[in-house]
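Each of the two complexes below includes chain A, the first together with chain B, the second together with chain C.
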Partner chain A sequence: MTLFLNILVDGVAYGMILFMISVGLSVTMGLMRVVNLAHGGFALLGGTFAHWFAAELGLPFWPALVLAVTLTVALSLPLERVIYRRIYGFTDLQQVLATIGLTFLMIASVNLWQGSSLLPVPLPEGLKATVDLGFRTLPAHRLMVIAAGLAVVLGLWWLLERTRFGIRLRAAVDNRGTASAHGINTDRIFMAAFGLGAGLAALGGVLGAEILPIDAYYPLRYMVLFLIVVAVGGMGSIAGSFLAAIGLGLLETAARYLAPDFATILFFALVMALLALRPNGLIVRAQ
Partner chain B sequence: MTRAIRAALVAVTATLLPAASPADTIKVGVVAPFSGPFAIYGKQYQEAVETYVAQHGTSAGEHEIEFIYKDVGGPNPDQSRALAQELLIRDQVDYLAGFTFTPNALAVGPLIEQSQTPTVIFNAATSSINKESEFYLRTSYTLWQVSAPLAEWAYDQGMRTVATTVTDYGPGIDAENAFKAAFEAKGGEVVDAIRMPLSTTDFTPFIQRVRDAAPDAVFTFLPGGPPTFTYTKTYNENGLAEAGIKFLGTAETEEVNLQGLGDAAIGLTTAYHYSGAHDSDENRAFQAKLTELFPDAIANWASVGAYDGTHLIYQMVAAAGTDGPGAVEAAKTLEWESPRGPVKMDPETRTLIQNVYIREVARDEATGQLVNRETGVIATVGDLGWDK
Partner chain C sequence: MNRIAPFALLALAVALYFALPYNLAFLTRILIMAVLVLSLDLVLGFAGIATLGQAAFYGAGAYAAGLFAIHAWADPIAGLVVAGVAGAVLAFISGLIVLRAHGLTLIMLTIAVAAICHEIANKARDITGGADGLRGIRMEPVLGLFEFDFVGQTGFWYALAVLAVVFTFLTLLTRAPFGLSLRGIHESPERMAAIGTSVYWRRVAAYTLGGAIAGVAGALSAQVTQLVSLESFSFTLSAEALIMLILGGTGRLYGAVLGTLVFMFVHHWAAANDPFNWLFVIGALVLAVVFFLPRGLVAVPTALKRLGGQNAGS
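Take a look at the complex of A and B:
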């Protein structure tokens, strides 16, 4: 019973971190139809800025987090204007090559600026504490990440399904010409959505840094993980990404408890089986 | 008059000769990662080599020494072999050095055997490498060398049950075997031996499993960098330290990433052949010169392996010049005072016989930095994995 509860708690906590980092990719890759392999790069930038603000400039954790996310978004907007706008029109392969090139640029820049060692983001005392769940203890920051993940999934659902911005974004993605003809400024909508994706990546990078620590090679190290979550979830589906992240988190955690030697093989075998059954992911967005 | 002129001429030629005739230059090819995720090791090797050169000049005996660096990128045996070949044939090097990863070191075995090139390994720590060729010499350590003494020390401290958690790849399995063999030979019991996937980022399940088993200590081996960070954090956050389960490791608290680990690292116990905080004049001189030349450099296993490796090359060049077999012969009896403490080349295994220190992470009062404080010397040990 304790084992089951352990798997449940750790799996959800791990899954929520996967979700936090991947959901931005689901936004840019699924909604905007751009194969954005530079997604992890924005998480890296967010984490690096947070490290810089908190560890080097001595700001407390929360202001550092806010500034890091803001700065990443601020960088992503001109990037979208100058580079991504061209990338939208590329074929899939060209998009992959262009965005992976951007990833290398980001890695090299961080490497030059901060070196290739770990870039820790110091947590406030409150988050470092452990919380007693009765049958075991859990670090407080995991609970905070779970709460933040829930907030993000609700916020995104509301933003995309219930606001003008969401309606316009979906219209712009489905048929850009018609949307423009209806007076929607599609350029601005795309820019905002891209900034949103980058901001979510940065947020996930900083909040997830306790499990996926930030260093210059972060984007390449975890690229496969992010892509798996989006692929299993179904591109562009926030709910799908959420289910996939929690499911994969639980699955991998269970494998690690029960059969650590085979955890990786089991994980990939199940992902392959799932994709064979549902090639478009758990939840496919209605076209 | 003529005598005076002749004397003057002799004096002039004597001073001019070595400069006029092209100096006998011996080249050393260094194969190491200078780009990619492991670029820091190549950088550290080069910094340590240059520190040694700055302290001891560019000549050894009657020979000038020149270093040529080649970037192997990462664990890439094919590239390692191709670079070694290029160095031997095109650059005509007489010595090879570097090699961070075991497969990269193993890949050059047949080449150095053929060309009789002494090859100084700065890191690759699998015991069996040196069996592949007489021309391998190693200035780092082997996993057996540090893990087995740690197991014996743990038993002597009263620990009777240990869980091992190692990353599931060559060095991890070496470390597990070494620890287990030594601990069980003493009479201790390994209650759980967990091999963790290389791609693991969340260590909570393994740590929780260890906690449930409640052994006296947990022995771990992890590849450097991010895994170390998350493992030590998880160890603390899941209350293993409070539950009295002691942390035993080797390179997990190495100096480059130590500050990044933060307060979570305080109290972690490791057994290793070098600590940046080692209290000796040699270590202070080495670090002073290193940070004078490279203000951001941090001395760790990689720098000390390269520094001692350079010393070894200088000694070999002075003794035998370009004669490969002669150089290896001369190296076999060397002993010197390294920044890590007294070291001696083992003539059989060609790996250093050295002290293994028990270290505990503590915050240095003077500098405010985390350091690996040496709390004990286990023994002077050679490569214990040689005949395993």
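Take a look at the complex of A and C:
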């Protein structure tokens, strides 16, 4: 029972982090049809800024988090404008290559600035504590991550289903040409979606620093993981990304608790089997 | 260009051997990478399969050759054959699954295959040496005549000979009906399917053959350096091989070799000047190639000629 609860809490927390980081990737891949291998780089940038604000400048955790996410979004917008807008028209392979190049530049920049050691983001006392539920205790950090993940899911749902921006974004994802013909400024929608995705990745990077530790090579190490979430979920599908992230989070956590030596192999083998059966992911968007 | 390029490259290799006698290990590394990039050119440049997992077969070949030399027979040529078979078997089995997918899913599955191999080699410490690498490889002389020496002269000529054989084989293959059908599949899979070609099995065959050649490259590395490390399966290796190929230009064999040569020298130079930030140089190089030279270095003469033509005309 305890083991089951541990797997559940850790797995869902892990899944929430995966969702926050990957959802932007899923939207950009579904929306702009760009294979953006540099997306994990935004999580790295967020984590690095948070480390700088909190550990070096001595700011408290929450302001550091807000500043780090803001700064990452502020960096991502001109990047979209200058680099990504040209990448959209490339072939798959050129997109892969260009974004690998960008990833290398991001890694090298962080490496130059902060070195290649681990970049911890110190947690406030409140999050280091454990919460007593009466029958057992749980780490507060995990609960906070789960709560933040749920808030992001609800926020995204509200944004996409209930706001003008959401209607336009969905229209642009479904058919860019028609959306544009209806007077929607798709360029601006793309830019906003890109910034939103980068900001969420930064948020996931900072909140998840306890689970996926930040260092300069972070984007390369976890790139496959983020891509798997998108591929399993189905490109451009936010609900799919959420299902995939939680499912994969639980799967990997369970594998790590139950068969620690074979966890990674088991994880990849199951993902491959799933993708062999459903090559387009869990939720396939109608074209 | 197509006819003289291989001989120019061969002459360049010999010239480099005499120009840089104290850097033979580095030059041999270039030759080995060229074999790997050629295998990628077959898979990607000719068959049009976008893969980021070519290191899976390179690593499989390296471990197969290393283990074969330690436990069975330390003859280099036999090791190459064993490694080629190992790479081909892995490529065939994984290709059956991977090649059902398209686009991004395909790219991701190829990364996943290499990641699984990496993990298996890491966990099977008793057989592969895990993170410490596979040590204790002692090779017999090549063809029973040429001992591997400390300076690396034998290693250089051995790798150059294998590269030349692979290059010749691929030249003949890509001109044969099989190679032409691969080009056709690359251009338009629907049309090839419509005229009765089994697109899926041709792609599996190309993938398997590419796996065999990548395995041979891995074996060369294991035999010459007498060490196999987990790096053989790394994503970085796959990505670098892809960068070298695009840099040179896909679909042309000499382009693959040229790209390898330029990339390795830039890498070497950047790492020597600032070992911590060579990634910066590589990243900038990649972006520059994608944005300004999408067809690779082999397109430079054509581009220059067009530029010259425009100037003359104006």
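In the analysis below, the second predicted complex is superposed on the first by the 278 of 287 C-alpha atoms of A that agree within 3 Å, B and C clash if a C-alpha of one lies under 4 Å from a C-alpha of the other, contacts with A are read in each partner's own complex, and residues count from 1 in each chain.
The definition used in the following text is that contacts are C-beta pairs under 8 Å (C-beta built on N, C-alpha and C of every residue); 3 or more make two chains touch, one makes a residue touch a chain.
These numbers come from a predicted model, not from an experiment.
Colleague: Let me test your reading of the model: by the given contact rule, A:74 touches which partner, first (chain B), second (chain C), both or neither?
Modeller: In the superposition, A:74 touches no partner, neither chain B nor chain C.
Colleague: Pick one for A:147: touches chain B only (first), chain C only (second), both, or neither.
Modeller: neither
Colleague: Should A:5 be classified as contacting the first partner (chain B), the second (chain C), both, or neither?
Modeller: neither
Colleague: Applying the document's definition of touch, where does A:101 land relative to chain B and chain C: first, second, both, or neither?
Modeller: It touches chain C, and chain B stays clear.
Colleague: Name the contact category of A:261: first (chain B only), second (chain C only), both, or neither.
Modeller: both
Colleague: Report for A:92: first if it touches chain B alone, second if chain C alone, otherwise both or neither.
Modeller: In the superposition, A:92 contacts chain C only.
Colleague: Using the superposition on chain A described above, determine whether A:131 touches chain B (first), chain C (second), both, or neither.
Modeller: neither
Colleague: Looking at A:215, would you say it contacts chain B, chain C, both, or neither? Reply first, second, both or neither.
Modeller: Only chain B is touched by A:215; chain C is not.
Colleague: Would you tell me the residues on chain A in contact with chain B in one complex that are also in contact with chain C in the other?
Modeller: 111, 116, 220, 261, 264
Colleague: Provide the residue numbers of chain B that touch chain A in the complex, in ascending order.
Modeller: Where chain B meets chain A, its residues are 36-37, 39-40, 168, 194-202, 204-206, 208-209, 212, 225-226, 229-230, 233, 237-239, 256-257, 260-262, 296.
Colleague: Please give the residue numbers of chain A that touch chain B in the complex, ascending.
Modeller: Result: residues 2, 6-7, 10, 13-14, 17, 111, 115-120, 122, 128, 130, 136-137, 139, 210-213, 215-217, 220-222, 225, 252-253, 256-257, 260-261, 263-264 of chain A touch chain B.
Colleague: Flag every residue of chain C that touches chain A in the complex, lowest number first.
Modeller: Residues in contact with chain A: 44, 50, 52, 97, 100-105, 107-109, 111-113, 115-116, 119-120, 123, 235-236, 239, 242-243, 246, 276-277, 279-280, 282-287, 289-291, 294.
Colleague: Okay, in this complex, where on chain A does chain C touch?
Modeller: My answer: residues 29, 35, 83, 86, 90, 92-94, 96-98, 100-105, 107-109, 111-112, 116, 220, 223-224, 227-228, 230-231, 235, 261-262, 264-265, 268-269, 271-272, 275-276, 279-281.
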